[in-house]
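For reference, the structure is listed below as structure tokens.
Per-chain residue numbering starts at 1, and chain names A, B and C are given in the order in which the chains are listed.
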């Protein structure tokens, strides 16, 4: 749990209800201007984009596997206990030898536990890859789901398992508020919610705030493409006691730099300053909410 | 061949044959000996998040069939049916009745494998 | 009307925020008769532009969850040791299951020596059938922190089909989810055409390729259009070339236009305003109808 980690190992997650608000842009630029060595976990395993910008040199992929049962035909007596327990149709037995469907298995181990003849053994089954690399002061951990695999959370959990316990971490979350995001946010200390001042942005921000409350996570807001607040974003944040940690202007230059795969904080000095300030503010917020530093 | 299942959205022999198996509305089971009809719902298959074909296969196997006639059958469903000794026939007849006639006249060939990808 | 006569278009993006929903809403306005399906059940936004009037609401049940009856729990911890999802912790003398982490696998329920665990069905959200100015709409909202297996997406699609058959409407237009996981698979399988809306960025290209690979995996015909193309014309051309090599039809380009936000603020689709982006969408719609 969070308490067991060392003093300097706080985890900041960057998420948003809506896709495309700039989560990855914020996570990357924050990491670049963090002012000390930091880890960046790319938890958007369906579409991991962080390395497109960091272009780490050594990024060797390791397999992420999940334990999936295998049937020993000599021992299986077709009793059906495994199929009866399985909630996901990962294993089926209709009076005949049990059949396994690895793509539906959730890796719970239940079937092997109830098998009366010991006919089921569990074996690692590939669901994605994890790659670790270094780019300057940023240690990148990228999770990548295998195309066609539908179960996402186990790959995200594998990314989190690679986090070192004594270096601060920024977690780039997938969009939305459902199971992949929850898997990312578990054991985080602070949540940065990125939004834009549009009706879609505000609507989805509210969903994300509801999730943060459900998980008991303190959070703050970054407004991207900020301009005239025509949707009441500021009054909403005030009412919910959400600090607005940074407002990035609706500057076409940011879009252009990012579209090329570059970091605005490094390309344009005024933004470098803004992200440095964001880092400082976040460390301050963490001290307030009782997380480190 | 004793008990034959047909995929359908209807309730009798004149009903349309459903081209899908996993997500079919229901199964019409024809008993060759008794010349009787039984209709069973495919609730499990329709409601399944994934593995609809497996659920449907479980439903029909539990009903004691030895033959299935449908439009298309996916890989998971086929695996379960084959293991349970059920012969699968792909048929593009418009109604259950027509499909039954095709089958009994020997104009259909037993499938060796699934004929569409899953989630079709 | 029989099912064979109904065409289904799903609008996807791979990467989030490329403009899927804005494009879908415009298509809804341009189509003569269509049933709308909002399959982006995690962050559903289509209703903000189409202002549906809800006619039916249904609870959405999916899977199960394990719940400990603490008064019957002896605190032995067997459940904790057997849970692969780290969902069970000690709470004083008894154990407690975190509903958000619970996978619904039933292992603890089976193993509990005190039979102190219940395994009820889970309410994960709700789905609605509504009326809009463009036709009937089926949409949903997944509960906060709920599992997104794609089952709710499947439910929305099935209901949209039922409405299409019932009201004799030959076209279903679906606003799809981002990514390539179960919800996208559920929105994609068996559709007539998947249109991917992407943006001219490195992320846009990368994510486009993954979602096109997914569509190929399910043998679904694909088409692509680039939104905000003038942010990076070079990247736009790269994307269109990549789309063609992947066998996808290139249907057009939409310019960067602030009217898109204006439309959102007015709760309208872009084509309902006098906007350049709207004209670009009209051209794309024409191409899409020819492909369908």
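The rule we apply is simple: contacts are C-beta pairs under 8 Å (C-beta built on N, C-alpha and C of every residue); 3 or more make two chains touch, one makes a residue touch a chain.
The shown structure was predicted, so the numbers you read here are calculated from the model rather than taken from an experiment.
Of all chains, the one whose CA centroid is most distant from that of chain C is B.
Looking at contacts between chains, the pair that accounts for the most C-beta pairs is A-C.
Averaged C-alpha coordinates give centres for chain A and chain B that are 42 Å from one another.
With each centre defined as the average position of its C-alpha atoms, the distance from chain A to chain C rounds to 19 Å. Between the CA-based centres of chain B and chain C the separation comes to 30 Å, rounded to the whole angstrom. Listed for chain B are residues 48, 50, each touching two or more other chains. For chain C, the set of residues that touch two or more other chains comprises 63, 149-150, 182, 185, 217.
Chain A has residues 88, 150 in contact with two or more other chains.
On the side of chain B, the complex with chain A involves touching residues 48, 50-51, 54-55, 57-58, 61-62, 76, 79-80, 83-85. The touching residues of chain C, when paired with chain A in their complex, are 13-18, 21, 42-43, 45, 48, 63-64, 82, 84-85, 100-101, 103-107, 110-111, 142, 144-150, 178-182, 185, 199-204, 206-207, 210, 213-214, 217, 228, 231-232, 235, 256, 261, 264-265, 267. Taken together, the chain A residues at the contact with chain C in this complex read 17-21, 24, 46-47, 49, 52-53, 85, 87-88, 106-110, 113-114, 145, 147-148, 150-152, 174-180, 182, 186, 198-200, 203-204, 207, 210-211, 214-215, 230-231, 252, 255-256, 258-261. Every residue of chain A that touches chain B in the complex is listed here, in rising order: 83, 88-90, 92, 94-97, 99, 101, 103-104, 150. Residue ranges on chain B touching chain C, taken from their complex, read 46-50, 117, 119-120.
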